[in-house]
Each structure stands twice: as structure tokens, then as C-alpha cells.
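Before I ask anything, let me first share the structure, which is written out below as C-alpha cells.
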Amino acid sequence: MIDLAQFYDIRFLMDLGAFSILAVLILGFSILTVWSSNMVHAALYLLGAFASVAMLYVSLNASFVGVVQVLVYIGAVGVLILFAVMLTRRTLVEEESHG
Amino acid sequence: MVPLVLYVLLASTMFVIGLYGLLTQRNGIKLMMCVEILLNSAIINLVAFSAYLPNVNGQVFALFAIALAAAEAGVGFAIMIALYRLYGTIELDNINALRW
Amino acid sequence: MERLLGIEPPERAQYIRIITQELSRIQSHLLGTAEFLTLIASAVYSPFLYMIIDREDVLTCIESVTGARINHSFVRFGGVRNDLPDGFKDMTLDTLKMVREKTKDYKELFLSDSIYRRRMEGIGVLSPAEAKRLGVSGPPLRASDTPYDMRREDPYLLYKDLDFDVITRKEGDSKARVEVRLDEIIESCYIIEQCLDQIPSGPIMAEGIPKKIKPEPGEAYYRVEDHRGEMGFFVASDGTDKPVKVKARGPVYAYFQALPPLLEGVYIADVVAIAGSMDACTSEVDR
Amino acid sequence: MELLSAITEFAAREPKIYGLIIGLVAAAILASVINVVAMLLVWLERKVMGDLQARYGPNRVGGRWGVLQLGADAIKLFTKEDIIPRGADKSVYVWAPIVAVATTMLIAGALPFGAVIIDGREVPLVVANMDISALYVEAVLSLMAIGAFMAGYSSNNKYSMLGAFRGVARMIAYEVPMGVCVISVAVMAHSLNLVEIVNAQQNIWFAVAQPLGFVIFGIALITDLGRMPFDQTEAEEEIIAGYNTEYSGIRFGLLYFQEYIVMLLGSILLVLLFLGGWKGPVIPVISFISPMIWFFMKLLIVLVALIWIRVSLPRFRIDQVTDLGWKILLPLSLVNFVWAVAVGLYFA
């Protein structure tokens, strides 16, 4: 498992730091996606999760998969989600909230 | 390098979050989003294992999975929009034509 | 008013009136087309600015006669206020030559621009019957294949002595409306050139106009061809120096009347193409 | 020299830490350079537009050429009141300009900004020399629609929403032909690395080798940049100002500035992919920076051409734009792909 002696190595700490930041981002965005009651917010959080996962791939030396993740997930699926969310609302703009 | 177990933990946590959403949410679009989270957690595993084994098979599988996920999303959202046109809602509790 | 008073202005005054009227028709059409271009393209579209530059020259010609650029209160009962200045003929002929060439360039530009044609052809088609029913006049009506022009229908001033065509288009769409306007610029140039050739010397005011005007009791209605269409003035007098009723009927109110049926079910982007090609001056609606 | 050797030794010993430091420094330099150049670009656009339209353009602030006009504009925008409309989706509204600028700046990291010759060897000036930089740039270009969508959605304004939707629909329609064109170039150059793609144009520009691809990529690029004749997302006359209708103050400044940054980066991309990048005959006396000179000359020509197109074409209607993308450019880009593969195989 984890060798405690590694913790004194700055390179390991850098890796661990990058990983933890990305992990927190991914998990946080996922949780927000599930919990958010506003559909558009949920979709935007999901895009954030996708982008963080893409960064994770790049940090794993899989930059091609990362770029494909951005291209397909954010560029295509994300926009598809946004369209679906907007098309399944009652109105395009919340009329009653106009001042 | 960070131990592999952390990646597996991350992926499984993400999977659990997605599964939780899938079981509790009743909005069709939200369900699709949770499915996307599930797929992403699976792909994280593939890429992480391929980085720790010295080969790229996992990445190739990941690319396949991404392409499949995109196709799935296209079909899924098309169905959701069709349901919305038919029923005027995407709350799945109200869409019960296939339950009878 | 003159009809009510029974005064006929002298010939030279009538020619000057025609010249200034046609000049301001040119500037109005140039401005109308230019503003319309900012709608269909954007405020940085070059031909818009080129047209404004051309218009400046035309305005200089008007200014040299009337002393004002656009709203010249220049026509007096029984004549005009100023005579043509020295060198007016040469200056105007030069300007007209330039305007005519530029306008031909613009027409060619629009014909060869496929984006422009896609935006304009077949958009907002106003049928002749519909146009007449809604009371539209001027270039939009003439674009709908109806040769209706006050200068020809009910010749006022000396228009019956002048040779000009009434410009019409068959299509009745936005493109036709703009083209009619551009063609009318060329036609107006022709009219002014004729006037400058034929203009006689003589007085510019009729004789025997009293200081205080007290017309006979009665009514008069006088129609002219404005830049935008048929413009009618109605004056009723009870014999004192103040009129009982004065009513000006502008052409633009009818334009707005015609917009709702045209705009039903079109793209937002087409709205500007249709409404802009009408060249409706909003402040003129409420007369 | 001692410092240099110490740095080299450190880089060999600790490549990751060295890379991190270098990356941060390079990113900071890059960001400031891009901002300054984009500011100059705004000035250039106004000036060229003025010249094309027989007027002066900026001529008051900063002497005869109005160079400081931009500084004045920036100060004005940054000191204006920052309004958040009632009913707006506040968090999204605040984040939208930041997302827009950030996604734009992501492109800059992978683009080579010319090259210099050191010891007879060309050294490209690029922050991240990735193997797949062309694909990366293409992917990140598609992100720009997200920022615009956020701005349009959160403003609680019908016209903003319309502008956002137009932007997204247009992006989808043009991303595909653009991607196919990038792939065609990559097939001919046998690489997805932008530096390698430029090196492959030593003898012949790809604009000559595949003119169809050049035209399609150019059109798709103008569309992605949202410039005339494809500025339907912010057509002032139709939908007021599209997605940035409700913005004011510094947030509007960011959105406005983002357009010019993206115009600069897009033009650089065009130069790199099709116009041979920094390739050109070596100028004898100043051979050190002769690639830079070629690069900037090409860039300037592309930028002026973009401005020229802007002032001389009317705007398409949105349905015509998507029609053009799906029905004309996509099949043509596939034809171009087949052509690129065939020519590539023939000369291979």
C-alpha cells in the first residue's frame, strides 16, 4: 500500500496534490450535479466534472483520451444536454421573474 | 506516482454518486446526466489501469467507451425530448404508459 | 393654400421647387437605403458610410439654395424665398453625375452579392391588391407592380412638362423596394438635369400677395409625391387669417399598417429586412 | 553561464518541478503578450475600418494615430457600474465572462507564436509542444460556445437566450467541417503536432496543396470567431446584442475583449495550418528573427483580410448559416479529405 517514506519526497507530494485537487473537483462537481435542483446548473456542473476528468487523463499521460474527452463529452454531449434541458422547459425564459 | 488504489477509490466514489442520483432522481434529463457520471467513472478506471500497466489497451477501450457514450447520449436525449413532446413532462413517475 | 387663394406661382419658382424637391428625394432615398443597410448588415458595413458621404454632397447643393440642410422652410405662398445661387448649375450637375455613377455601382454591388440576395429575395412579398387595401404608397407600392405616382396621377407644379418614368418592380419583395429607391435616385437626377436645362429666368414670387393672408371660406386638398409616398395637405378656412383645420396626411402611417400582416411568421432576422426596406420614419407616423 | 548550467542541471535532475516552474512563467508571459496584442488588434481594426470607409477612426487620444484610445476605453469600461439584472441567474451570470476568457486562453498554450533561429536551428516559441496540439486546439475552440451559452442563459432576457442558442447551433454546424479540415491537414503532414505541420509546409503551403480545405477552414473559422458575415449571435439590429446584451462594466469588457483574443488566436491557427507558419526565405542580415518577421507578416495579412471581410459583407440569416454548414461545407470538407488522402498517398 502507501509507503509512508514517500511523503517526504516533494515530487510525490506534487503528484498527490495535483491528484487531490482533481479528485475534489470531480467529486464536488458530481455531487453538485446530483443535488442541484436547477437543471441548467446541473448541466453546467456536469460539464465541470467532464473538464476535471479530462485534466485527470492528461495527468495520467493519456492526453489523447483527454482531448477526445473535451471534444466529445464537453463539445458534443454537453451541448446536447444543454439543448435537451432548454427544450424540455415550459418557456425559454422565466417570464414571471422579469422585474 | 500516486498509488493506483486512489484512482480506483475516486472512480468508485464517483460511481456511487452517479448510482445514488440514478436511484433517487425522477427527472429524465437528470437520469441521463447520472448515467454520464457512471460512464465517466468507468473510463477513469480504464485509463488509470492503462497508465499503470505499460500498455495502451486501456486507452483504446476508453476511446471506444467515449464514442459509445456519445451515441448513447444522442439516443437518450432524443428519447427524452420525444417523451416531453408526447406527455408534456419528463418526470418519469408521470410517464407510465409502459407499466400496464 | 395657393389653391385656396387662387395664386399661380411663376414658372421659375416652380422649377426651383421641383429641383429642391427632387434633390431632397435623392438625399432621403440615399439615407433610407443606407439606414436599411445598417439593419441588414451592421453599422460597420462600408456602403452605408459611402452613401452617407454621397448624401453630404447632395445636402450641400440643397443648402446652397435654401440655407438649411433638411427641414428647409423655403416655399412661400406664391413662390420661393431664394433664387438659385451663382454656379449652382455646375455644382449640381457635377454632384448628380457622381451620385448617378455611385448609385449604379451600388445596384451592381447588390445584384452581385449573393448573401444580400438570399436575405432579400422573396422576403416580405406585398401583393398589389394588399398594398392598395392597406393604403401604402410611394416606393413600396411601386415595388408591388403598381405605377402609382402623384407626379403622374395628379401632376402638380410643372411635372407634366417633364419627361420621366415611374419606376416599378414586379416582385413586391424587400429587394424590389430597395431597387425602386435606387432607380428613383437615377430618375431624379434625370429630372433635375432637365429642369436645369429648361429653367427660365424671371421672378420667383407671384405679384400681389398680401401681408396678411385671408383666404375665402372653403376647403382645399393638395396631394404631392413625398419621398416616401403620397402626402396630402388639407386646409379649411373660414375667411379669417387663421385656418379652421389643417391636416397633413403622411405616407408612413400606412407603412406601419402594412407591417403586421407581412411580419407574421417570419424569422427575426427577416423582420429587419422587411421593416427596413419600407424605410419607415417613425417620427413621421403621428401627424 | 554558471546560472544557465545550473538551470540545465536542475532540469535534468527534477524534470517535473522544472516543467512546472517554466510552465507557470511561460503562461504568465503568454497571457500578458496576448492581452497587449489583442488590445493593439482592437486599435488596428478601428483604424483599418476607418481607412476602408473614408473616415478617420480613432484620432484624439494618444496623438494623431489614436493609439491610446484603447487604454481610454478600458478605463471607461472598468470604472463603469457593474449591473446584475433582476431575475438573472447570479452565479452563472458572474462566471460566464470568466469561463469565456479562460476557455479562450486555453487555446493559446498550444499555439506556436513563431520561431527564432538559434545556431542555425529553428526553435518554435510554444508553451506546450504537444503531439496532438492541432486536435487540442480544435477541441478547445468548441468550448467557446459554453461561455456564450452561460452568458445568454443567465441574463434572463429573451434576446440573450436567442443569441446563445444561435451560437450553440452554429458551433455544432461548423465544428464538424472544421475538424475534418484539420484532420485533412494532419493527414498530409503526417502529424497532429502544429510545429510538425508547419515544418511539413517547407516546400508547399497547404493552402496551395488543398485550396478547398483552406476555403472551408477559413469560413468555419470566421464563423467560430463570430465575425461578419456570421455574427448572428450578437446581431445588434436583430437581437439587440445577443448574449452580451445585459452585461456592463468590466464583465462586458471581458466578453468584448475575448472576441479579439479569439480573433488573434484563430488567425494564428489559420497561418499555422495553411499558410506555412513562419516558413519563408531567410532574410540575410537579421536571420535570427526572420521566421518571426514572416510569421507576423502573414498574421497581419490574415487579420486585415478578416477586417476587410467584416466591412464588406452583409449578415447571413441564422437558418442560412446552419444550412451552409451542414449541406455545403460538410460534404465539401469530406471531398477535401479524400483529396488530401489521395495526394498524400501519391507523394508518400
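Each chain gets a letter, A, B, C and D, in the order it is written, and its residues are counted from 1.
Note that in this section a contact is a pair of C-beta atoms (placed from the backbone, for glycine too) under 8 Å apart; a residue touches a chain by one contact, two chains touch by 3 or more.
Molecules present, by chain and UniProt name: A = NADH-quinone oxidoreductase subunit J; B = F420H2 dehydrogenase subunit FpoK; D = F420H2 dehydrogenase subunit FpoH.
The model shown is predicted, which means the values in this text are computed figures rather than measured ones.
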Highest contact count belongs to the pair A-B
So, in whole Å, the Cα centroid of chain C is separated from that of chain D by 47
Between chain B and chain D, the Cα-mean centres are separated in Å by 33
Expressed in whole Å, how far the mean CA point of chain A lies from that of chain B is 13
Chain A and chain D have mean C-alpha positions lying a whole-number Å distance apart equal to 25
Touching two or more other chains in chain B are residues none
Contacts with two or more other chains occur in chain A at residues 64, 68, 76, 83
Multi-partner residues in chain D (2 or more other chains touched) are none
Among line, ring, star, complete and other, the chain contact graph is line
The chain pairs that touch are A-B, A-D, C-D
Within the complex, chain D is touched by chain C residues 37-46, 49-50, 53, 113, 115-116, 118-119, 267-272
Contacts from chain D onto chain C in the complex sit at residues 49, 52-55, 162, 228-229, 231-232, 235-239, 310-320
The chain A residues in contact with chain D across the complex are 10-11, 14, 38, 40-41, 44, 47, 63-64, 67-68, 70-71, 74-76, 78-79, 82-83, 86, 92-94, 97-99
Chain D residues touching chain A in their complex are 14, 16-17, 20, 85-87, 89, 91-92, 130-132, 135-136, 138-140, 142-143, 145-146, 149-150, 153, 156-158, 161, 165, 168, 171-172, 175, 179
Residue positions on chain A within touch of chain B in the complex are 1-2, 12, 15-16, 19, 23, 26-27, 30-31, 33-34, 39, 42-43, 46, 49-50, 53, 56-57, 60-62, 64-65, 68-69, 72-73, 76-77, 80-81, 83-85, 87-88
